[in-house]
Amino acid sequence: MALDTAWVTAWINRSTEVISENRVALITLDRDIGDGDHGENMDRGFQAVSTKLDTLSPDATPGDALKLVATTLISTVGGAAGPLYGTAYLKAAAAVGSAPELDGAAIVALLTAARDGIVLRGKAESGDKTMVDAWTPAVEAAEIAQQAGSSEVEILAAAADAAEAGAVATEPLVARKGRASYLGERAIGHRDPGAQSSALLLRAAADTAAGE
Amino acid sequence: MALDTAWVTAWINRSTEVISENRVALITLDRDIGDGDHGENMDRGFQAVSTKLDTLSPDATPGDALKLVATTLISTVGGAAGPLYGTAYLKAAAAVGSAPELDGAAIVALLTAARDGIVLRGKAESGDKTMVDAWTPAVEAAEIAQQAGSSEVEILAAAADAAEAGAVATEPLVARKGRASYLGERAIGHRDPGAQSSALLLRAAADTAAGE
Amino acid sequence: MKKLINDPKNVVNEAVAGFEAAHPDLVRVSHDPIYIVRADAPVKGKVGIVSGGGSGHEPLHGGFVGSGMLDAAVPGPVFTSPTPDPILAATQAVDGGVGVLHIVKNYTGDVLNFETAADLAAAEGIDVRSVIVDDDVAVKDSLYTAGRRGVAGTVLVEKIAGAAAERGDDLDAVAAVATKVNSQVRSMGVALTPCVVPHAGEPSFTLADDEIEIGIGIHGEPGRERIRMEPADAIVDRILAPIIDDIPFASGDSVLLFVNGMGGTPQVELYIVFRRAAEVLAEKGITVTRTLVGNFTTSLEMQGASITVLKLDDELTALWDAPVHTAALRWGK
Amino acid sequence: MKKLINDPKNVVNEAVAGFEAAHPDLVRVSHDPIYIVRADAPVKGKVGIVSGGGSGHEPLHGGFVGSGMLDAAVPGPVFTSPTPDPILAATQAVDGGVGVLHIVKNYTGDVLNFETAADLAAAEGIDVRSVIVDDDVAVKDSLYTAGRRGVAGTVLVEKIAGAAAERGDDLDAVAAVATKVNSQVRSMGVALTPCVVPHAGEPSFTLADDEIEIGIGIHGEPGRERIRMEPADAIVDRILAPIIDDIPFASGDSVLLFVNGMGGTPQVELYIVFRRAAEVLAEKGITVTRTLVGNFTTSLEMQGASITVLKLDDELTALWDAPVHTAALRWGK
């Protein structure tokens, strides 16, 4: 069962919910090793996205919906996360083109393009303790699942599991990008807020695909 | 046994001690209903007086010693207490003139002049919750004791007792002069810091006269 | 207590030394007794203006020494009036032969110490006039108090009197304009947090996490009432009303609106306060034609703000606009 | 959390509205998207200068909009970089036809958002150049960090670049002088207390009663080390040494010494810090020829200070001395 625009909008709505629910948790993570605004920034952005969603035309493609997310996040989130997530959704939109439905290969392409967009803008490598550390394992897990012939739902679930594990795995790291890099050894023991929000977004993708 | 310059210098030295010991207590009282500097101001002043005492000539009269206290307090205490106490000692010095020794009448004159000096500068009346509420009962008690034929030591002890009672009696009052007057009803329940320091100074006078 | 200080006893000494090092073009400093005079003092033929009071309210008064404002500032210990000696010395140092005006905030200590200094200066042949500033409407001006306190309105008195002296007004005229400003200016403040006097080492009062003090004095003296925390707009309405009612300011008036930070207030908050105050004045038909926003009369690190409104006329406006060159207020040159 | 605010979401909106009401002679304000431009923008034939970043550092940047300094400031939410939209709009609003310089503090968010805005402006045919400010020696400039942060030195870059633009330098020249100032300025700060971001409602970090944070960032990001409270002179020695060693400043140099308050620091403390810093520089044979003391790059109500040293030459000195007329910095007119 390929995923269509209804899934993308469900994903967006669920993302808005979980970001709002996790607003304080993300602020707390960012307060520990950053400047305490990540939850606020993401929440402001997704609230705006969910308002903008009403303007989406009924015959919009998944790519159209993703592009709307991208431009709205770029113009409302600010901070580091705004341009990074904005670029991720922009590249994801480009990767899926005008396809009305997304099969497993398209989902993998979407995730890969999103991750590549983040790396293009932020120049972070794996292990730098950033959102990349959630996205790269997610992309890899999605690829493996797709090559093993998994369904779209299974691919997204594998990606979400890997992103969550990746977010947890940022805890022992020293940061080399973003504000946490100023902290040196003191960042050890804290989870990266951007990796955590990435895991939340990918879990929202998987859950909505599974119809949960 | 009339009191001489040795007594005045003993009184001054004891005053320096008790003010220093009560520095924090006076700050606390002033913090409650003023600006928290009375202990600091008085301590700075008496430290300066005790240093200046070395410059007193060996044949100085009690009046000379009191005048030295006056000018030193005026130029080191600041705030409201500086000019008020300064004037008190200045008028006290004038009242005892160049007498080498002070009998009971002279002690009463000294105390009366001091109180009158404070009233002259500060225009406070009894019950305004100021240092006057320690000095006026002290003057009255001293007069009564002197008329009853008490010794200088007894006169000063009566003054000190009355001053202490007067300081305590400021507690239920609303202030009508000084910073505490801004507080209205909220000053009730707090002892006036200047009345308290006055009681300390008069107790020092009595104790040193008694040779304690 | 955490402060960027060395020995608490040296706070004023060292701050004044730093001020001297930072502004050698503007001021000269006497270290014993402590006072600050403008670099070119005494200015022959000009009325000298001296102000002062306890330290801890900076930039008041040292930050206002310079051409077009004060000739001298006399900083006492923190929150404690200076003694007469430095006031006298400063008065002598700025006497340009045509008299000196003392601008004194209405606190018993300041009034008494300046009074003594004025007497001593008069004995030295200097013509001294004093103007007492008492702009704080939080305190009732009655026989049963020490009278209203002098707070942030002092800055406006000093600026305008300074301009009058600079343009050559004689002592009577300078004193008259200072008196006029004082009669037309009213202020009231609010504290969110207390301040800590260095030698005391403990907060001068306490406020619960949801309490604020309306009508606070600039030494942390309690105000009119202690209330629950409210939104900024409600607080502004609360402290602006007694100001507007007091003079009374009337529709059609032109005013200077001055929002003053108490020392520890972020600037965004001062502008949020300004926004609402301007709105309320506009609603009453009062036109804000001059403005001032910032930390000008502080209480160490206290968080909070005060609002000051000065009724303007053409003369006061022109004197406000006249050039001033001090560490804290500068324009026109 | 007690703050003079209404809804935390409206802090920036309302503060900007207050700023507009307080300084109508200096600035015009766009409310959607939010940016502040000088009243006479765009100035034809003059290079436009735009800066911006998260709010909470006031007067940086809005307080520096006016003749001789910034043409526009773009305030983001508190401590959060603005998005590209307002940066683009501000860039367009100040384009006088000869290009626009973006002055950007080196934080990932600011750099990325200004980068996007610059790309969009270029697509609209505006010649945009960017200078990244990274003066904070508390952070190592290595491949393993996001690089040094931009802190109070930004004020000096903005003033001097602004003066170069005002005298008619072209875009290359203005960018070159901004780059030069950045290469010759170094800063480091200390925090005694944390700050509270309005939407977070809790302190951004905690410090024990006897702890201070050396090398603090202006968003409350932790610094180099957390140590026991020390006397001011010892703290100054500690934060000045890495500054002097970094460039390296040498005996015989002339410098501008800038002591910046973090927002909640009493002014006496800033002058105590200045006094010691000037002393240490003098001991090293470095001559302080220009000075600045005050709250210019703040972190809301944080208590603490930073020291900035800029190596001067005749050109930079002349540009520093050039007239400036903004809400927070004004001289020469």
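First chain written, first letter: the chains are A, B, C and D, and each begins at residue 1.
Here is the rule we use: a contact is a pair of C-beta atoms (placed from the backbone, for glycine too) under 8 Å apart; a residue touches a chain by one contact, two chains touch by 3 or more.
As the structure is a computational prediction, the values presented were derived from the model and not from experiment.
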{"item": "Interchain centroid distance [CA atoms averaged], chain C/chain D, Å", "value": "29"}
{"item": "Centre-to-centre distance between chain D and chain B (centres being mean Cα positions), rounded to whole Å", "value": "55"}
{"item": "Approximate Å spacing (C-alpha centroids) for the pair chain B, chain C", "value": "32"}
{"item": "Chain C residues counted as touching two or more neighbouring chains", "value": "78"}
{"item": "Category of the chain touch graph - line, ring, star, complete, other", "value": "line"}
{"item": "Set of all touching chain pairs, with the criterion as stated earlier", "value": "A-D, B-C, C-D"}
{"item": "Residues on chain D engaged by chain C in the complex (per definition of touch)", "value": "2-7, 11-12, 14-19, 21-23, 55-56, 58-59, 63, 78, 190, 192-193, 195, 209-210, 212, 229, 231-233, 235, 259, 263-276, 278, 288, 291, 293, 295, 298, 300-301, 303-305, 327, 330-333"}
{"item": "Residue ranges of chain C in contact with chain B within the complex", "value": "54, 76-85, 107-109, 112-113, 115-116, 138-139, 143-146, 149, 197, 199-200, 202, 204-205, 217, 219-223"}
{"item": "In the complex with chain D, residue positions of chain A that touch it", "value": "27, 31, 34-37, 40-41, 44, 74-84, 121-122, 176-179, 181-183, 186"}
